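Both complexes shown next keep chain A, but they swap its partner, so chain B is in the first and chain C is in the second.
This part shows the complex of A and B:
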């Protein structure tokens, strides 16, 4: 592979898209208001599990401005059920966008009101009378698996909805013979992504044209188009999905939602544009949730810290109407992390409960795996009295072993884990930190140092969720400006800038003259959504392929016009010129004029015009498991070393992050500024997950954290001193050498901060197995440790 | 329903508002100034921050009728004669923006801070935007941008 990072690739170019955001002229779904738009509002279940005896909308229908009300029963025989499952390992379900006869989670939509404005629609929602017959709520995923537990889905009989097993030969013997076995129950708690823009949809069916335009705050427009076509039974070719500016996703907007399928149906019924913008409370209750896995994990080691084997039993809370198995699958396949562990067994069970649907969230599944393994290695180090850096160095996959085939068949593209952690220790001043810690302890200050090296499999691809390719089509206009049509939309990633950097680098068209169009299914080539950090792994290479083809065309025409063979030509300064004799040159403007107007001068067999299509297929994916069940579902493997320093106040339970040091390797960076900013945001999201954020349910299945008051995102006051560096190990499987860059940051804080806090409180004997590390939890742990030692 | 009239970004604007209509909805839906965003409608995320009579306020926490006769500045009012305000320039230069949804609120909170003409301390900058949530950038570049716009920072 070649890694042509010619400028402006690799430069900290200012983002094109920023200008419209600072002037308030960005266009989000809620900003759109076609004439005649009606507004939807949903009645949502006030309980977690119940039968619906009746829904009475008669009073609502008489209220001012109300145009229609739809219930589950109204739609069930008029639309097709939503596609649920996708993975052959998930048990299929038949579900509709509105609950028909049974409620399965708190906040599930039961009926929808359509009215002249959002206030009137919300008024009428209050007037819908629903008779529920409550059922016992299934909340604890372990209890849900007990015999006799109430089934969430009657048709399934029980709550076990997913099963995955993998084991290497002789694993039990390895554990029997090991010097030491470290065994723990570790849970990753339930959180959600919380983009600041909630979900928003606007469906506009035009009776005159018999066509549907759907504006959606989605990260997956092309897939959504097919799903709408399926559910409302309308030709895909007559549907146009547009994702305009989208205010963040972090995974939560890549999936398809009930409301997103229902609005097109209603618009078609009423022949009017229908808009719905989610409230924050609705988002917390109905947007996809993530994490929430319990691991019973054990590690076999030699006394010197060499890891011999790993055995895990995973119980994953999938929520009520599970949609994907990526979370549990990724955890099961990547539990061995960055270590040379070739003896491994895993038994993974997915459980249905009366909670909100589980799905994509920045670091899905991989974050749980990184958290659990990085905690367990630390716990083992403490038990064996080995330094947490030393035990990692002893077991890391060495740089010379890449590409490295892990035990479950994943092929890690590249990495320098030893170098990365060494550098992290250097920038953190690790040895000095340990001395300071000892000094501070004498003064009664509980300082902790937490180490982690987290690896993030990125750019996933599975059969029927095929993210393993992406496309860009490009055109140089007769005027000399270029337009690129990208198969993937953006929600803050800066594609308009990075794609333009790549195209400018290859074609010589100035960066300022390149426009990138994305998120609209009409002009853009088909492709899977923006998630799994796949933009830099498949989309950017596809732009490079399109631009390379364009370059070849420009050079080919130039060669013909000046009579120099193409291999001796170069592009630069708005010209195509001979490498050895720069005055043998022709302006690109002249080449463009020739391509469109003087086509008799084009090389033989060359098509007129300047349009190219680039598709990149990542070669590092296995679409089917081998005979031992091994597979590689992710194509690139960025990672980051972390050393976090914390002070814990034992009086208040408050954790102060003194410093957070990280060294990140995402391969070549197309725009290091964009990577840096994204890393900082990703780290803060991880800090939120570790310290503040948790979706808590009461025993009756009501979500207790439905607003930003009780689900606390980190604000500016919580930003710690941050030291961020990169090392670069190019990805050998893509032409740009880039790996995914969006998620690794978020993986670091949960293990690093837990390790640091446990280290800080080690003299008290505190053990951390539950998160987030809120002050009340810390105080509780200190109290428990005191009483058990007391 | 009442007809209200207020000065928005230096122009007199009027429209119908119910007594319960929030200022943010009046600005967005009635005046069609959609730069001011809605993220939570309960005063926590700050995406809807505007200047009301010279001070930043979350416009989801104000009824439109309360602003009758008053002066409001939104993000659309920052740039003058197609020239970006120094805060907008600094946000762009320092890469303080990713998805752009929180940006107008951040800018208006920062504008409120800087409009007294004093050079703020780092702590004052943080306090000024502590009611504005950003999920993308991790805040560091936003603080740097406000510092840059404020001129020489001690």
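This part shows the complex of A and C:
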């Protein structure tokens, strides 16, 4: 296939955004303060599960600077409940922005105080007297499913809120006849994304104009606009949502939050701008959490390592006020990973517990699947005494089978898994590593080598949830500069740069003269949020479509002006010129002047001006399951081979990553520099998930890890020696040949590091089934293994 | 992260600070680098009505050698201790400990006086102060006194300082010539508090026999400790692998660690043993090189 990868597409162009961020001149919600702004603060539940007997705000209302207090009861009959979105398989719930009669998780907002400044608001929050009647907290998702378990939502009766089943014919016979069956319980633990900027909102209702402006650190401005309109019953056309600079999302800012819907309501009630910027503690307790799945998984194999079938039972902890099912759906549909496995059965159950709402987080659900399958393949290899690379090579989907229809109906666009892992082994020096490992073992040093090949379904489309398209509108101004209006905002992805690269490549307008406007619902075309690594799969092609139309227009006008047919013209050096006779040319500046000012010279039927619109529909998507329940909800499938080398300190349980080697394939890269930095950051986030980070609840359902002292993120000193390479297998379904590039990095470390640590401790017979790999957990496993070996 | 209301006071001298402290009693808190106090105020765990900012008082920030000791003013920053040529030369383990505290931002602002007064169970100065028999010079309305490190830490986050008392100076007697000191800290990620830490100052003779030993540890309980039993075990004996192992076992058996998200009590016992053994081995290597 032929891809229009002309410069500056494909170049390491420096990001337009970098300057303002590194010089501290970015503008975030917290930098904004319209005159008359009031500040909100929330009373949050100190327990995880309780009935609210009463809320008394009378004392708070008399405190200095306090303008209003709202409780759940105050708002429940005045606003509509929030929607539980994304799937007919989720049991519906009525959720309000403030708890009405029952608390369902630690930190849930119960009341909101509005005051002249945040300090006074916080003081008043302490004065609100709430009578709670504690109920048993439902924390363990397996216990939550047992008969007689306390229900988190009374109206539902039980805690099972989601059910999905899929099975191919004859799966049981396959297991019955297999040479070997490996069977494990593997759990992915609960983490959160920790963007550097927590959530931040500023709602400004103007009584004069009867209109609402909402500044939000959101990754999803257009959807938010519709939700606000719906919940507070206000015309969507009178709402403008603006996401100014946003300090990271990693998924957690793509969904709508209760505070985000409440602030517009309050602003409208009081006729004043209302601001609330979340603290880190609030974010840890209320921001979306991710992972937290238990898998009872079995794999049937032949003695030679050929995988015959896979059977999984998933129990996913959805938290209390679950809103989407993407996590569990993605795990269930993509468990077979990069392998030719056409016999598969899964039973997935979503459970409601008294924990924070589960939702999007870089690699949602797909990370769980990649983790579990890449662990299981390794465990099988060890059992069969086959090299972990060999067993993978034996079962990979071969390059010539793409596009490949997997067992659950997904159509993988393209891939060269064999080549990728081969190259990873080369850069890691795999054979030499094994020799070194043997020598180090003799000296008592526990070195481990961990292999994984992780695949990340990207660019999802679910009905009414993530949409299936993106748009860019562009204009060339009479001065010759271009402005592009993007339907998707950015939170660090570098769209301002990559969109400009595409437009420059197509239209010949210099990169420096292209401005990208995003995150504002007023000037930008409608579109869904930035997530699922969708930008390079749908947004960039939409910019390409808009720019291509613009190119056609420029060339068309040029053709008319110099009397050469368009198909013989080329754009370059600020000119439109004839390919064979370069001196037959006209300056683009002249064409632009003509388009605006001398419209009698335009080709027949051409509209004056230079504005175009490009929309790109997510290719390769099936919205509805077929009669066997198969569907394809993602459109592109990047992947990465990983070899991690670790040393385990058997006295302290500490893990040192000696080297992390990875070969990544996201198809064509619009800007390899941005892809590299996405990978690096993503890999570090994965290392954090594997080794350090964990959201831990106590038995009463209180979150213990509510600050960065208790939820440790890796920092620059934890960055290992990183070898990062790319291979390029273009995505045949998009005009740019690009696949998603934001998440694959994060998928690698959990399986690769677990495999490496298990390999390091293999002589002791240590098995890793729980994460994170904290020193105390590792040392405990070592000691148990030692004592059981006598 | 919004503290309750307070009044900010900025005395110009120690004397003025003492007066303010006397006047406001329990309602007041001294503010030094603010690296422990301010986060606690932001979480509203600490709610002083008055903040008495001592970190601008002239003459409380210094490092000097006097009468066979290194004397450090209470508001001397962690970074100054980490980088002081005098401390690096004569008491390297103290510079090492200061360099292990938090991250660069914390070290630029936090002070040694604040660190000791805060008495975090796994703060980095505690083990060093105990190992080297530091003395805390304090002032209060009734006069000046010195508190030996061994009496200073009374429980987690609790010291022998009276509510109206200000720590002015920390006096670290110079370790014996030829001895070597090592501070070994086990931390989950860089910048974290210790899981366990050991400060060891050791000297051996040409025959490898321990002529002087000073140890301080953290992670074995609610406050840092000076494990006299381990010092006694090692003193006068040849320090070899076996003895080191025994020292590790001894410290482990005596420890009663607090269980938290950094590890279970059982784990911390082993971690403490490991850091002590490593600090011993490393200081033995260094002191042997000195011979």
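As a convention for this text, the second predicted complex is superposed on the first by the 784 of 790 C-alpha atoms of A that agree within 3 Å, B and C clash if a C-alpha of one lies under 4 Å from a C-alpha of the other, contacts with A are read in each partner's own complex, and residues count from 1 in each chain.
Here, contacts are C-beta pairs under 8 Å (C-beta built on N, C-alpha and C of every residue); 3 or more make two chains touch, one makes a residue touch a chain.
Being a predicted model, the structure only gives us computed values, none of them experimental.
J.: State whether A:673 touches chain B only (first), chain C only (second), both chains, or neither.
T.: In the superposed model, A:673 contacts chain B only, not chain C.
J.: In the overlay, answer first, second, both or neither for which of chain B and chain C A:119 touches.
T.: Both partners, chain B and chain C.
J.: Looking at A:651, would you say it contacts chain B, chain C, both, or neither? Reply first, second, both or neither.
T.: second
J.: Going by the contact rule stated at the top, is it chain B or chain C that touches a larger number of residues on chain A?
T.: Higher number of touched chain A residues: B.
J.: On the A-aligned overlay, A:751 touches which partner chain: chain B = first, chain C = second, or both, or neither?
T.: neither
J.: With the two complexes superposed on chain A, say which partner A:194 touches: chain B (first), chain C (second), both, or neither.
T.: Touch partner of A:194: chain B, not chain C.
J.: Have a look at where A:508 lands relative to chain B and chain C in the superposition and call it first, second, both or neither.
T.: neither
J.: Going by the contact rule set out at the top, does A:21 touch chain B (first), chain C (second), both, or neither?
T.: The first partner, chain B, only.
J.: Once the shared chain is lined up, is A:527 touching chain B (first), chain C (second), both, or neither of them?
T.: neither
J.: Which holds for A:776: it touches chain B only (first), chain C only (second), both, or neither?
T.: second
J.: In the superposed view, which residues of chain A touch chain B and also chain C?
T.: 118-119, 279-280, 707, 709, 713, 715, 717
J.: Taking the complex as given, what residues does chain C use to touch chain A?
T.: Checking each residue of chain C against chain A gives 1-5, 43-44, 103, 186, 188-193, 195, 261, 263-264, 266-267, 270-271, 274.
J.: Mind listing the chain B positions that touch chain A in their complex?
T.: So the residues of chain B touching chain A come out as 18, 20-21, 25, 28-29, 32-42, 44-45, 47, 74-76, 78-79, 84, 88, 91-93, 95, 97-104, 107, 126-127, 129-143.
J.: Across the complex, what residues on chain A touch chain C?
T.: For chain A paired with chain C, touching residues are 41, 118-119, 122-123, 126, 279-281, 651-654, 692, 696, 704-705, 707, 709-710, 712-715, 717-718, 774-776, 779-780.
J.: Going by the contact rule set out above, which residues of chain A touch chain B in the complex?
T.: 14-15, 17-28, 30-31, 33, 117-119, 193-198, 245-248, 250, 277, 279-280, 491-494, 673-674, 676-685, 707-709, 713, 715-717, 719, 722
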